[in-house]
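Down below are the structures I want you to see.
Here come two complexes built around chain A, the first alongside chain B, the second alongside chain C.
On to the complex of A and B.
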């Protein structure tokens, strides 16, 4: 167990480093001059050159690379070109906002998808209806759904705020958007797993023991359904924490995705790097947590091949 | 004389039979899987229900245990230890079923919940039906594991099914079936998936438990080779009907139904046949399920068939020149006691 954990952590570290290196290199491939982005109206080449020197942009790529990763290992994410403040202090509040949104979104998709999936598995007649709902949601682009929700619940029904901001009232629609977009996947996996489980020999054994339908669901079916759903929850939390760009842009949610887009436009390399690294760490960490939980829920996954 | 009464063996425990089945029918839509079967199992008796795949033997067993999917229509009378199970509502039967019968499935790996320790799965019965607390049920589960001759039952109780061997898992299944000491056990191909030596151990265990508890066992199998090791009585099924039943040695030594005879002859050839010698086979294939058949289902494959066989289905009755051993045969032209001329 400890060995598995250590191995997974090492793999995770390698993955994060790999992503960071690739992201660093990609930033130099992207055309554009950060100095010009910072001072678009600067006339003299001297001013621009001055900025480049300040930002160490005049150094060879290899030196910049070595500097950046040396700092990274010391826990220093650098300073934003644009905001002139440390990237860490810039990104942390954004990360908190995105964290809330990710959490609310995952809760929404698990509740919506799980309910649809359970209904589809229990009532064969509902299954066709659930399938068409799934298909509709899958075919719907995130921004269209988000705008639609804004239009209906915000402008028409006045049930949700349409002004920006980031409070408990403002989180509802973006979370619902994430939930509806993600729900079909959960509905599908829950319905399939649950149908399998309901027709399994161990459920027949439970019937033979005289358990009530409710006890059979509670004690024998749901836990067998939980395990694959957990993996998906882990994947979703990780990827949402790396920024739910579209949804954050549509709803003006001040999360890390919005920051990433703005920084990319400003060629604010340290901030872009940080958002990428934070995202990679989130994916790795939540995957690991999901797998650990899965081992607890389904002991068969504990004995993985060496 | 009912089939149940005919199934009585001398010296059996007095009291109502473990199982009496009267004219049981199982239909899937229009298709009959069991077409009016009557059968009895006494206390302390092992009745082997044999037949090919699709003969309806599992449908009969699952019909008795009310474990068929809702799409199956079951009619007929089922009495377990004198208790009219077929007239009980679903709820009444659910509350009493574990006290009435234990069901031992074929594939224990699939029949045990993969994400629960086996002790908990056994203990569940005592929590549910005996109102025990979880710790008490746990202790009782360990006791039940010891009863099926598992070493270190306290350790095994904490294991998950995938951590046990095939034989151990089957013992756990048996422990679950006998936990509440029901008068009837139904073993549905319970040893088919096991290797030969494990199979022998499980059969021996069933024999011991039968002697200890006095339960009757309805044993569904297609493996003629092991029938004589445990069974007292044999019922042969073909196309949804019981075509012959009688004491195990009577059936094996002097089969009276041409189908039974064919089955046994194939087996004899398999066992003692010289290399290269032709293997006896029953011509043709078992019929598919179909509604509204007249005549004997085996007639098209039967070497002894005549006109009447296609017209009228033979009733299950004592054959002519029968020894008084309770033998019943459904055949217009049974094989004479000395074998086919």
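On to the complex of A and C.
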């Protein structure tokens, strides 16, 4: 168990480092001069040269690379070229907004998907309908669904704000978008696990023992549904925290994904690096948490999965 | 893209998987399951539109006088413009046909490239083992941990806009999951008789991989490819929507939707038309994927990009 954990942590660290190195190198190959992006109208070469010296852009790639990673290992993410403040202080509030959206999105998908799944498992006649809803939602790109919701609830029904921002009113549509896109996966898992469980020997035993329906559902059926659902929740939290770029762009939600897109356009390299690294860490950490939780809920999975 | 990154949850088949018994029956009788028929028919319809795209008019022709209302708004549905016009007075039908063409070209080419790269990595890592396995599979971990959209935007910065850029981005991001699928399959078959007897007869490693192992990957990859194609279509549209894929004025469903977003309050058909097209194309691929899984229940575990 402890060995598995250590190994997973080391693999995760390697993956994050790999992502960071790739991102660093890629940013260097991107054509475009950050100095010129900062001072677009600067006429004199001296001004541009001055900016380059300030940002250490005049040094060879290898030196910049070594500097960046030396700082990174000390926990220093650097300073934004554009905002002139530390990347950590810039990224933290954005991460909080993305965190709220991720949380609301996961709650929405669990509620919507769980309801669909339970309906499909308990009422076989509903199953075909649920399957077609699932297929439609699966085929729907995130940003298309976001825009459709915006069109219907914002522009037609005037029930939701159509301007960007970050408040309780503005989070509803992006969270609903994430919820609907993610729902089919939960619906499927819940429906499958519940039907398996309902026709299993242990449920038959529980019925014979004279347990009430509620007790059977709670103590025997739902526990078996919980374990794969927990894995899925972990995976989703990780991938949403790495920035729900398209949803944040569609709704103007000021999260880490929107920040990443803006920083890429400004060639603000330290900020782009930080968003990519934070994203990779989120994915790796939540994968691990999901697996640990599953081992806790369902001790049968303690052996190393292939 | 909830499918972003992450390792596959063990034992989770994709949603909508048809019942295994119906599938087993269809397989025995050689009949196609209904999902496979519906998906193929839908896809065929779009392929025909893509091939016949030039018949629907010029997607680049701007008609600022005849193609807009007197107040400068896009036209609605009419005989001259069956799907109306966009904000520049271009025929929405012509743009749609060319957008579908773009989507399908990306789906086909990017599908082949990403699966080829992934399968090669998986085969080599699984068969040869040792340091090669360690390097390739850790690289695959990196590929799966990449935040897809961000990574795509970074790569997009390296290249000029166009079809090639989209295909390169999708290949660079989509190879990792099939690599892991194939790797798992190779590990399963590695010590089977046909592989070991090939080696015992003195065939070189590459020959065993090529002649004996690779053909066994075929059913797996054929089942995976429509799901991969669906992801590719969605991703191309997302990239073009974010301005990192195919740039205007070339028609792509993604940049048509981006145009539609600006006109959301007064011309909703500019969103609805390309949105319906993309939804139906993706759905056709998903139906084909479900149909193939129903025909081959052993492969029901093959799921969409790691989910």
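Just so we're on the same page, the second predicted complex is superposed on the first by the 299 of 306 C-alpha atoms of A that agree within 3 Å, B and C clash if a C-alpha of one lies under 4 Å from a C-alpha of the other, contacts with A are read in each partner's own complex, and residues count from 1 in each chain.
Note that in this section contacts are C-beta pairs under 8 Å (C-beta built on N, C-alpha and C of every residue); 3 or more make two chains touch, one makes a residue touch a chain.
Treat the numbers as computed from the prediction; the structure is a model and nothing was measured.
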| item | value |
| --- | --- |
| Chain C versus chain B on the shared chain A, clash or fit after superposition | fit |
| Which superposed partner A:19 touches (first chain B, second chain C, both, neither) | second |
| Which superposed partner A:218 touches (first chain B, second chain C, both, neither) | neither |
| Angle, in degrees and to the nearest 10, that opens at chain A between the C-alpha centres of chain B and chain C | 80 |
| Which superposed partner A:188 touches (first chain B, second chain C, both, neither) | second |
| First (chain B), second (chain C), both or neither touched by A:297 | first |
| Partner chain in contact with A:204 - chain B first, chain C second, else both or neither | first |
| Contacts of A:275 with chain B and chain C, given as first, second, both or neither | second |
| Touched chain A residues, chain B compared with chain C | C |
| Touching partner for A:142 - first (chain B), second (chain C), both, neither | second |
| Partner chain in contact with A:260 - chain B first, chain C second, else both or neither | second |
| Where chain B and chain C come nearest after superposition, their Cα distance in Å | 16 |
| Residue numbers on chain A that touch chain C, as the complex places them | 11-12, 14-16, 18-19, 22-23, 26-27, 29-32, 131, 134-136, 138-144, 147-148, 150-151, 155, 162, 178, 181-182, 184-185, 187-189, 192, 228, 231-232, 235-236, 238-240, 242-243, 245-246, 249-250, 257, 260-261, 264, 272, 275-276, 279-280, 283-284, 287, 301, 305-306 |
| Chain B-touching residues of chain A, taken from the complex the two chains share | 200-202, 204-212, 215, 219-220, 223-224, 227, 297-300, 303 |
| Chain B to chain A touching residues, read off their complex | 65, 67, 94-98, 102-103, 105, 107, 110-116, 121, 124-125, 128-129, 160, 162-163, 173, 176 |
| Chain C - residues contacting chain A, complex | 1-2, 4-7, 9-17, 138-139, 141-142, 144-147, 149-151, 153-155, 157-158, 184, 187, 230, 234, 237-238, 241-242, 257, 260-261, 264-265, 268, 271, 275, 278-280, 282-283, 286-287, 290, 304, 307 |
